[in-house]
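Here come two complexes built around chain A, the first alongside chain B, the second alongside chain C.
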Partner chain A sequence: MTTLLASTKDAPPRPRVARLLERLADPSERVQAILLLAPAALLLGLIVVYPIAKLVYNSFFDLRLSGGQRAPFVAFDNYQSALTDSQFWNALWNTALFTIITVIGALIIGLALALLANLPFRRKWPVRLALLLPWAMPLAFAGLIFAWFFNTDYGVVNDWLMRIGLAPRQWLLSPGTAFAAVCIAIIWKSSSFIGLILLAGLQMIPRSLYEAAEVDGATRFQQFREITLPLLAPSMIVALIFRTITALQTFDIPYTMTKGGPARATETLAMLIHSTTIDYGDIGYGSTLAVLMFIVSMAVTALYLRRIQRD
Partner chain B sequence: MAAVKGDALFTPERLRLIAAAIVVLNGFFPAAWILLTSFKPEVELVQKPITYLPHDFTLQNYVQVFRQQPLALYIANSAIVAAASTVLTLTVSACAAYAIARLRLRYRDLILSAIIASSTFPLVTLLVPIFETMRALGILNTYPALVLPYVVLSLPVCTLVLVSFFQSIPRDLENAAMIDGATRFGALWRVVIPLAAPGVFTAGILAFVNSWDEFLLALSLNSAVRMRTLPVGVALYQGEFTFPWHIISAALIVAIVPIAVLIALFQERVVGGLTAGGMKG
Partner chain C sequence: MGKLSCFAAIIVGWSAMAALPLAHGETVLRVFAGGSQQRTDLARKMFDAFEKQNPGVKITLESGGATSELQRQYLSTLLGAKDSSLDVLILDIINPAQYYAAGWIEPLDRYLGAKDAKSYMSQYLPAYATADVIDNKIVALPDFADAMFLYYRKDLLDKYGVKPPATWDDLATESEKIQKGENNPNLQGLSFQGAPIEGAVCTFLLPYWSQGKDYQKGVPLDKKAAVTGLDMWLGMVDKGVAKKNIAEVKTGDTVNEFMAGNVVFAINWGFAWDLFQSDPHSKVKGNVGVATLPAMRGGQSATCIGGWQWSVSAFSKNKAEAARLVKFMSSPDVSKFMAINGSLLPVYAKVYSDPDVLKANPWYDFALPVVESAKSRPVSERYAEVSDVVRTQTSAALAGVTKPEATVDEIDNRLRRVMR
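Up next, the complex of A and B:
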């Protein structure tokens, strides 16, 4: 090492070109860092940053005419039509309701799954795989499978209802039950991810705390309330944020289960944006809807982040 | 003996078994039900009362699904897109993660937060401009149209996983390699990446599953039949009169098996990666 340093120190000064070449061959740490971060920055620019800018820009134009003419600038017209568009409010309401119901539902079921899976089993893999499979399955497939479950004539859910003496229902054919069925599918699909996160959280709680509580004569329920829940809170908040962000984007499951029907009862904002832009080609109005949704979801994220910082 | 027998209904052993059964049933029932459905002939699916185990066991649905629908093509499309985006995601996120974990960087925390924050952007709101960008680039209905956004989709979690793995590798090893004459990139490729192999692997599985499962972009950007990925292809199967559940169920099983095998083989890695990504985010 010393000889290496000594040799560079003793070297005679070289011409500028040689030094430049040398720098190119062995760039400084700063240049290296920039080079290494460049691909990620480039992709984020192309797929996230530029689209956001383009989205906001588009939302001020009437882009229904796809001919050679320049699209007319319409200022806030698109926003005005959105605020008076019953389809928009319907989709917003459905999205909010889906989010609230499925986030709470998935959190409760996920917690239950995590508590059950945390018991000391001799073989751990069947339980772990049972938590991983719903997570790994495409949402679209979960939607298809639950559509088959809730099939009016040949679905297994109606078979169960009849076996316990209840009347079968036209699950996906009437608004209220279709909404409930979609919620159940989403909760099933998303609770396993929450279960995995909470299971990891449970495993980090030191056993000694429970042992101490037992010595003090605390009941199981007291242990759960005084030790498990508070120490699990950070994991729960993380799971809640992730789940809420994805719930706001709900698309795949209602799309494959009900196509948003019946009578738009299960249509979400994401589905409205998709049909407005991709199916009907109304890019300007679709962009406006997307901007509104973007604002809603960023507000939710910010709310959560503030909550975390306070804790 | 008698006293023991009285308590025996709810021994801890049995309670554990019940708990395991609940979790396993919850996780496996939907897939198991579709598996049973896929072995039933079409007529058995439309009779009442419904059957649970197949009366007339058949593999005909699996033959039909490959004959009537271009399922093999969908599988190939999904595999190509998922493999390409996994390799690209790993390359891009390994570079970024190395810079964040190792190099002197002025806005290290800010850069890391920006990458994480990008994962909270609702992708669906960017659907329109991404669609326009791909149309402008003339790559709608090609593999790159999906590969590029999928890299961005998995970039945050993969970068997080890799940063924590890179930080766990002793600096001395790289320094030794560089003193022996390796450049920094050489040290990254020959020393750091091999040592971080478990992390690279975990990140790779997460990226693969993300791409394999994605639906909305695949549906919107690559709508041509020959370019459909598995979830889109299967979801858009059309029957003549009704939804062909016998075919769909066989297709679902064919599509779920690869991903189920993958996660079954590498369970601990996947769980580790998910929770590492989740905890830090």
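Up next, the complex of A and C:
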């Protein structure tokens, strides 16, 4: 939080302003600078720092909306409950699993889509549109659509199975298949985003490299491995970062598809926080869970950022 | 700064819009009237009547949330933010306790001129004096009553010479006979609610109550009876009486499948009668029978009390007017109108024997004692948690994901603190 504030204070050293400040070491100028920065700092404080601070503060109280009682200070009780709560570990595990599977899945499918869209089509827009469509669709929509796909009685997936002579399955009613179905929906939804970023990356690779490789007699696969992949790596890292951070917050698709069921097999951390705070009105414990999730996603983000800085 | 001034302009615009109706010297009451199962179409007609009687009052109806949980979620978000944009709210019978404890709904005694809550509520069916009176204050008034009934296909039962079943075992036997005779793979013997929705809480409790047990604060869960109850439902699935994916079935699915003629016996609420008899898509018109729910062997028939309440938001700026509307919507005349036009069960005992009401709903002759003796789900200001745990676990057990014993242990463990 403090780093955020500090960076906004340092941020505007637009060269001109800095030079101006240096030239006129006039205290009134400094006051002016502070005045000019104050609204931005205030706004950030109001919408970023204050809510996060309040969240952390709330996590130390037994604060409930369900009763008119006082909210006693309970120190780390909420944290202790969370760390011994099987539901928390279950949600954390599900979130991690969703993240790993869907990020890798979306990266592979997204790469394939980008390579496909990069082929020299005569008309480019239908391909681009097809690539964009899943991305443009609201998450909750995608969840509902896939819930119908996998419905036992009316779903198209069971219809296909029966057409090729296989027995229909109860996709969303058993933990394994429900989890797989949610993963498929998330990968479908998110691979177009990765595809778009990678497509932009692909188009920045100069054609001359491929021409030179062809002259040297490299096969298509060698070209892909030696030219495309290394030059695409920066775009891939960017796509991975964005995708991982959103995957850690997975909520909409499992919420609309399975409501976290059966028996919490597809419940993510974000869903647990939602049901604790919004449904149960247990603000204190919900805040604790949110702080824990914040720590997890900060840790993952920091890991990625360090990786980028090293590159 | 451009963004800020734009933001400011929007806020000014909003407040101007909100102030607009006041400029005309008119009170606007904003009412959340639930989803289609609460028959917002009928409520609108009654609002029109109220507007006519009260010039200067305009009522805008907001509807939404197909299920009780979705409505609760919407209202919790809105009221948790102390939002004043709704004046009157419709609440499922399970919610007034929590909403009052949270300070979201206004006690109505003052507006109703009620000196004593209990004696004021004695005009209604007894269940509502319990559900709507908290801490000796009237916090809501009932709109319509509800309870679960057994709907059956009269034509099919007659064809095979069987009577409406008295026990769940009888139901299974009869239904196997009919399913075998009809030889129609799409014909389900019994449809009930197994999806993790509010109705599944009743599904869990019906066979449990039928064994003479109760589950309330201070009355702990009898685990053995609860397991026996779940085993009964699973037996229905094993025998092919209920369909395999019963854990996906919601209230509306049961209604639609029964209406399409694909179900012999269905467990559903009172409002379903009107749909079976007068919905243009119904293929079972004139062939529908209603009975009390079967019992466990050696037990008593038990059903789940439901129904919807009108209440005034604690954040409303027109509380007096809002309370008048609530009183109107909970009057015998409105109760009669709802019963005739929507088969929504009356909250006044005398309306059940009204000749016009009986003409539209001949089965009301036995409905009154059923509603009067219906059991209530655990009453708690933390009901949202109770419901979530019970319905999620029940649905998982019906899907075969968890064993009945493990399911009941989980419910008991999770709720022990809440139900103490």
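Everything that follows uses one rule, which is that the second predicted complex is superposed on the first by the 261 of 311 C-alpha atoms of A that agree within 3 Å, B and C clash if a C-alpha of one lies under 4 Å from a C-alpha of the other, contacts with A are read in each partner's own complex, and residues count from 1 in each chain.
What we mean here is this: contacts are C-beta pairs under 8 Å (C-beta built on N, C-alpha and C of every residue); 3 or more make two chains touch, one makes a residue touch a chain.
These numbers come from a predicted model, not from an experiment.
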Next on the checklist: Once the two complexes are aligned on chain A, which partner has more residues of chain A within touching range, chain B or chain C?
Outcome noted: B
Checklist entry - After lining up the shared chain so the two structures overlap, which partner does A:N58 touch, if you call chain B first and chain C second: first, second, both or neither? => result first
Next on the checklist: Which partner chains sit in contact with A:A239 here, chain B, chain C, both or neither? Use first/second/both/neither.
Outcome noted: first
Next on the checklist: With both complexes superposed on chain A, which partner does A:Y285 reach: first (chain B), second (chain C), both or neither?
Outcome noted: neither
Next on the checklist: Contacts for A:L173 in the overlay, against chain B (first) and chain C (second): which applies, first, second, both or neither?
Outcome noted: second
Checklist entry - Between chain B (first) and chain C (second), which does A:S275 come into contact with in this model arrangement: first, second, both, or neither? => result second
Next on the checklist: Looking at A:P39, would you say it contacts chain B, chain C, both, or neither? Reply first, second, both or neither.
Outcome noted: both
Next on the checklist: Contact-wise, after the overlay, does A:A265 reach chain B, chain C, both or neither (first, second, both, neither)?
Outcome noted: second
Checklist entry - Thinking of the overlay built on chain A, is A:F98 touched by chain B (first), by chain C (second), by both, or by neither? => result neither
Checklist entry - If you stack the two complexes on chain A, which partner ends up touching A:T301: first (chain B), second (chain C), both, or neither? => result first
Checklist outcome for this item: Going through chain A, the residues touched by chain B and also by chain C turn out to be 39, 43, 151, 153, 278
Item to check | chain A to chain C touching residues, read off their complex | outcome: 39, 43, 65-68, 151-153, 170, 172-175, 259-265, 275, 278-282
Checklist entry - Considering the complex alone, what residue numbers of chain B touch chain A? => result 15-16, 19-20, 22-28, 30-31, 33-34, 37, 45-50, 91-93, 95-96, 98-100, 103-105, 111, 114-115, 118, 120-133, 148-149, 151-152, 155, 159, 179, 183-185, 209, 212-216, 219-220, 230-232, 234-235, 243, 245, 248-249, 252, 255-256, 259-260, 262-264, 267-268, 270-271, 274-275, 278-279, 281
Next on the checklist: Under the stated contact criterion, what part of chain C meets chain A in this complex?
Outcome noted: 1, 4, 69, 72-73, 76-77, 80, 98, 101-103, 196, 244-245, 247-248, 381-382, 384-385, 388, 392-393, 395-396, 399-402
Checklist entry - Considering the complex alone, what residue numbers of chain A touch chain B? => result 1, 4, 26, 29-30, 32-33, 36-37, 39-40, 43-44, 46-48, 50-52, 54-55, 58, 113, 116-117, 119-121, 125-149, 151, 153-156, 159, 162, 188, 192-193, 196-197, 200, 235, 238-239, 241-242, 245, 248-249, 251-252, 255-256, 269-270, 273-274, 277-278, 283, 286-287, 290-291, 293-294, 297, 301
